[in-house]
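Each of the two complexes below includes subunit A, the first together with subunit B, the second together with subunit C.
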Partner chain A sequence: MDSIALPASGRAGASDPAAAARRSETLAGWRLAGPAVALLALLILMPTIAVVTLSLTDFELGYDGIRFVGFDNYIELLGDRTFLISLGNTLTYTLIVTPLSVLIGLGAALLIEAEVRGRALFRTIYFLPVVSLLVAMATVWQYLLHPTIGPVNALLRFIGIAGPNWLGGSDTVLLSLALIGVWQAVGFNMVLFLAGLTAIPRELYAAAEVDRAATAWDRFWLVTWPMLGPTTLFVVTISVINAVKVFETVSTLTQGGPNRASEVLLWTIYQEGFVYLRVGYASAMTVVFLAILMALMMLQYRALDRRVHYT
Partner chain B sequence: MSGLALRGISKAYGDSHILRDVTIEAEPGEFVALVGPSGCGKTTLLRIAAGLDHPDHGSVWLGERDMTAMPPSERDIAMVFQSYALYPHLTAGQNIAVPLAMRDLTVWQRLPGIGSFVPGQRKTRTVIQSRVLETARSLKIDHLLGRKPGQMSGGQRQRVALGRALVRSPAAFLMDEPLSNLDANLRVHTRAEIVELHRLAGVTTLYVTHDQAEALSMADRVAVMMGGRLLQFDTPEGVYRNPQHIEVARFIGSPQINLLTGEVDAAHGVRIGGRLFAEGVEAVPGSAVTVGIRPEALKLGGPGQAGLGASVRRIEFLGSETLVFIELAGSGGALVAKLAPDAATGFGQGQAITIAAASEDVLVFGPQGMRQSVSLPMRKAANG
Partner chain C sequence: MTTRAWNTARALRLVILSIGALVFLAPYVWMLSTATKPREEIFSSSLALIPHQWAAVENFSKAFTRVPMLQLLMNGVIVCTIILVVQILVALPCAYALAKLRFPGARALIAAIMLGLLVPIHATALPIYVALSGAGVLNTYFALAAPFLISVFGVFLFLQFFRAMPDDLINAARLDGMSELGIVLRVIVPNAWPAITAFSIFSVVAHWNDLFWPQIVVTETAMAPPPLGLIFFRAAEAGDDYGALMAATVVVTMPLLVAFLLAQRRFIEGITLTGLKG
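And then the complex of A and B:
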């Protein structure tokens, strides 16, 4: 049998085959990542840079000339009452929609997971609002919530309560929109939680039972809730992003009214940018919007990621 | 201390019968191993003992208590799972403390945050802490209490799982292949430790394993299961030396028992290849039987000596013993003999030999695999 000879190693310089192999590997790496890098730059990085650049100008669609104005747009934002109201309304909306849609989604997932019969049916029913077109469904909600002919108020009248003008009153409009938002988001959250639930090892529940976690309540806190940690973090993140991005219902049902009571960030940006054509100013709002979202996400992951991933 | 009894347990999922009328009664403090190939129903039986599965028929008793209808949490039993089933979000110490916290703290005291304001909580927690530390010390894992399962090795996790079972001094231990995820060295080591722990605690233990060596070396009694049936429930020596069923003989022992097909002649003697091998067998003349001889019971001799003619095919030197692989002349049946290395020096590949066995080492199994007793000693001269 032949013995295998190893060439003397440690030779430095361009002729070193090991260095050449390393270089070609690096090159191959870049070639493989190339398409993704190009697309990321083209579709995400460049538009973001464009928005940030535009936010520093007074650019208006249809007008000639573009002037660099520094942080003037941002300074104007600070004193813009519409923008501040919009910010507050978006915050309120998010604070209602996120916890409700997450909790109800989790509850629905737990109920569906616990019972084998009709699982597919209930999953489909809860998921319907996610796949239905919100703009089309908005008309249904307009009818349901109509102050005089709407079934919701008819039901309230039946038990002796005078129902409010849900979408027309400045006290109730944000709440009504938030409930529609919850209705829409629950199904999606439920599906994510269902996926998270199936990933929990059955043996952990067996161990919990043997360890005297006698009730479903005990086992939920001992196993389900901690094991769902990563899923919950993800669901909350997605829910916050979706809630902050509320637009369709406002646009179709209330147009930000009455009296700016349902003025939300995207609606305000849309108005400034596409109705008043003040692209520079709208860009500044978009940058603020992006900054808020990114700050939220970073906070969430910094604070929670270590606590929900256990390895 | 109480014994654990599984009486007349049957379980089927649809048409597939997992367990058929299995009865196992473990005496108080006894270590019983359930052993069998995968799919024999041993894990299901253990889960039924734990209350995680429910039998279609039969009952589960802990001492004088009928536990058949009790949920696992009320049975006062501890279980070690094959995957360890540690709670990944809790540290080793918290994992071990779970059974005590569930038993000794109220729902309100256990609530995160709020629980610390409920009266009595701190005192109970202190008691639990000291008990956890005590258990951890006995398993030599007290330095790991602050780590989460993800930061521990397989062996360490296994110890934490043991700790979680030990900590509350249960009435019975159930172990589901607790060593199968460990490497070979650690397995032998931990095997001895579990036996030692059992000796100290003296708690009735049901131990499921597919490894017959584990069952033989650890248990007071071994229950051999096959296809949902209990084939034999006996001491390790009993199932090894005196198997009541051919499947038990085949499953227990390594290398496997040698099995030769033979026939019962009119004088109730067993003939292999026409040569008389054992006499006085309780079997119908003319019926086919199987003769089992343990590898270490085979006696090898030179050509011309009494016994069956055969030749050596291969020799494996294993250090403390030598395996001689043998081919029977005529039928071509394969056998293996286990010899002391010195005793094997005379043999070489291809050599013609004869094989024989002492009559008390010959096991005869009937057509259905049931053991037949041999009443007369085997005749030395095999000239038939």
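And then the complex of A and C:
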């Protein structure tokens, strides 16, 4: 490994010690970065190019022959009812999960921040779902939400309400999945908000109190909310991104059913690409998915950027 | 503000937090409770948490015998270890070179890494699957680990961390005649433990819990990591044997939960790193 040592002084025989040092630094740099560069190309760059290329073909795994079909796959997508339902469901799911998980996360953070005792305990409890195996917890939720033997409906019966068939009814399935999603995401958002709250200088609250904000409510709107703005933006974008990627619960609990009522993007892609093996068509879906995700992530980068400059 | 008002506010706060905590804990309580109940009691749909007749032994033994549970856990450990070790071995030197060495192409590489952050596994899964399938290596640890052998996020994270490290340390080591790889191993790594720990937790949690990729490349129970194994278990056996199913979920959920409870701060740090990733 001495070969990638940088000479502290010029090597004998080299025409120019500085140039030799530069050369050897270049060599060392590329050697150290080499494995990463190779894997980056092999596992990210090439597959991304491949998925875009495949989306322009009719490639199906298991069939010989691959034909360039231009934008046919994308045109087919526009008329594909399953795909459109899937887009719509993903949007609905995201629109339920994002606001709820952000608001509850913020609420929990504010309450925990204000409370002296039990702070660590509450934080731990709310964070538990984030580290729990989602597939496993989804199974638990399936039992909890079971129409006849589930505790949730038993509780509802107890107070005289006939509970719905949560995961089995096409009206309630997306809502049920979304509630599981909220349960899972709140702790993560809470921790981000807690970090944002600690970064707010104490003096601002003191100043606000002197100034005109007498109640906690006033102080929230005068100090906390504006100071938390960048964090909130960031939490919202990351919540949206995570919601768009919903897969585990759908795959474990509903498989897109009943009646495609819980068909979401990743599940549809999974089915088309890895079950029906229509790789070309699924690639087109993937490209659409990636475009949506990239747009969201760009937004997130900007949010992150602002957060960094703000504090 | 009077003391009285403060007390009311505080009481209200505690009540809300406690109710929330109950809702968040409910699935865990029911999971444990159901795992100890016999079938009849589960189907009687009573709200009692403590079973009249304990069936914990029966349920847990089913969880361990109907699927090769230990094998599943082992698969999870092996795959997570392979992924983590390779990720760190690849990302650390690269991040060091990008942070502390000047060489042509470094900026382009950083740009490529930032772009790589935007590409999730879901986007690259199809071509990688086609390649692995063509090579006939589906249902192997290699297939399970392959797409994750590079973590651009890891490179990005270490890069940020190394940039903040003082150059003096490295220059001193260079003057001592240490090779660049030696510097990485003996100067950088010992100083980068906080970043390495955080990244390790992030990586292990992500891959221990992942279902998407294992579901694509694994069809044999013997190769399945815990989440997929659980799905096989349910499909094969316990469609409505909730007792055994809950026992199995307890078993696969516990390792990370216990680790989390033992090292909460590190876990929270490590996982909120995903905030940077998305």
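Basically, the second predicted complex is superposed on the first by the 248 of 311 C-alpha atoms of A that agree within 3 Å, B and C clash if a C-alpha of one lies under 4 Å from a C-alpha of the other, contacts with A are read in each partner's own complex, and residues count from 1 in each chain.
Criterion: a contact is a pair of C-beta atoms (placed from the backbone, for glycine too) under 8 Å apart; a residue touches a chain by one contact, two chains touch by 3 or more.
Predicted model, so just to flag it, every value in this text is computed and none were measured.
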item: Partner chain(s) touched by A:V210 [first = subunit B, second = subunit C, both, neither]; value: first
item: Touched partner set for A:T92, first subunit B, second subunit C, both or neither; value: neither
item: Which of subunit B and subunit C A:P226 touches, first, second, both or neither; value: first
item: First, second, both or neither for A:A195, with subunit B first and subunit C second; value: second
item: Partner chain in contact with A:T82 - subunit B first, subunit C second, else both or neither; value: neither
item: Subunit B versus subunit C as contact partner of A:D218, first or second or both or neither; value: first
item: Partner with the higher number of touched subunit A residues, subunit C or subunit B; value: C
item: Partner chain in contact with A:T172 - subunit B first, subunit C second, else both or neither; value: neither
item: List of subunit C residues in touch with subunit A within their complex; value: 9-10, 13-14, 16-17, 20-21, 23-28, 30-31, 34, 42-47, 89-91, 93-94, 96-98, 101-106, 109, 112-113, 116-120, 122-130, 133, 146-147, 149-150, 152, 155, 174-175, 177-182, 184, 205, 208-209, 211-212, 215-216, 226-228, 230-231, 234, 242, 245-246, 248-249, 252-253, 256-257, 260-261, 264, 267-268, 271-272, 274-276, 278
item: Complex contacts: residues of subunit B adjacent to subunit A; value: 47, 50-52, 71-74, 77-79, 81-83, 85-90, 98-99, 102-103, 107, 110, 112, 148-151, 164
item: Partner subunit C, residues of subunit A touching it in the complex; value: 1-2, 4-6, 8, 22, 25-26, 28-33, 35-37, 39-40, 43-48, 50-51, 54, 61, 104, 108, 111-112, 114-115, 118, 120-137, 139-141, 143-144, 148-151, 154-155, 158, 183, 186-188, 191-192, 195, 216, 234, 237-238, 241-242, 245, 247-248, 251-252, 266, 269-270, 273-274, 279, 282-283, 286, 289-290, 293-294, 296-298, 300, 304
item: Residues of subunit A touching subunit B in the complex; value: 201, 203-204, 206-214, 217-218, 221-223, 226-227, 229, 310-311
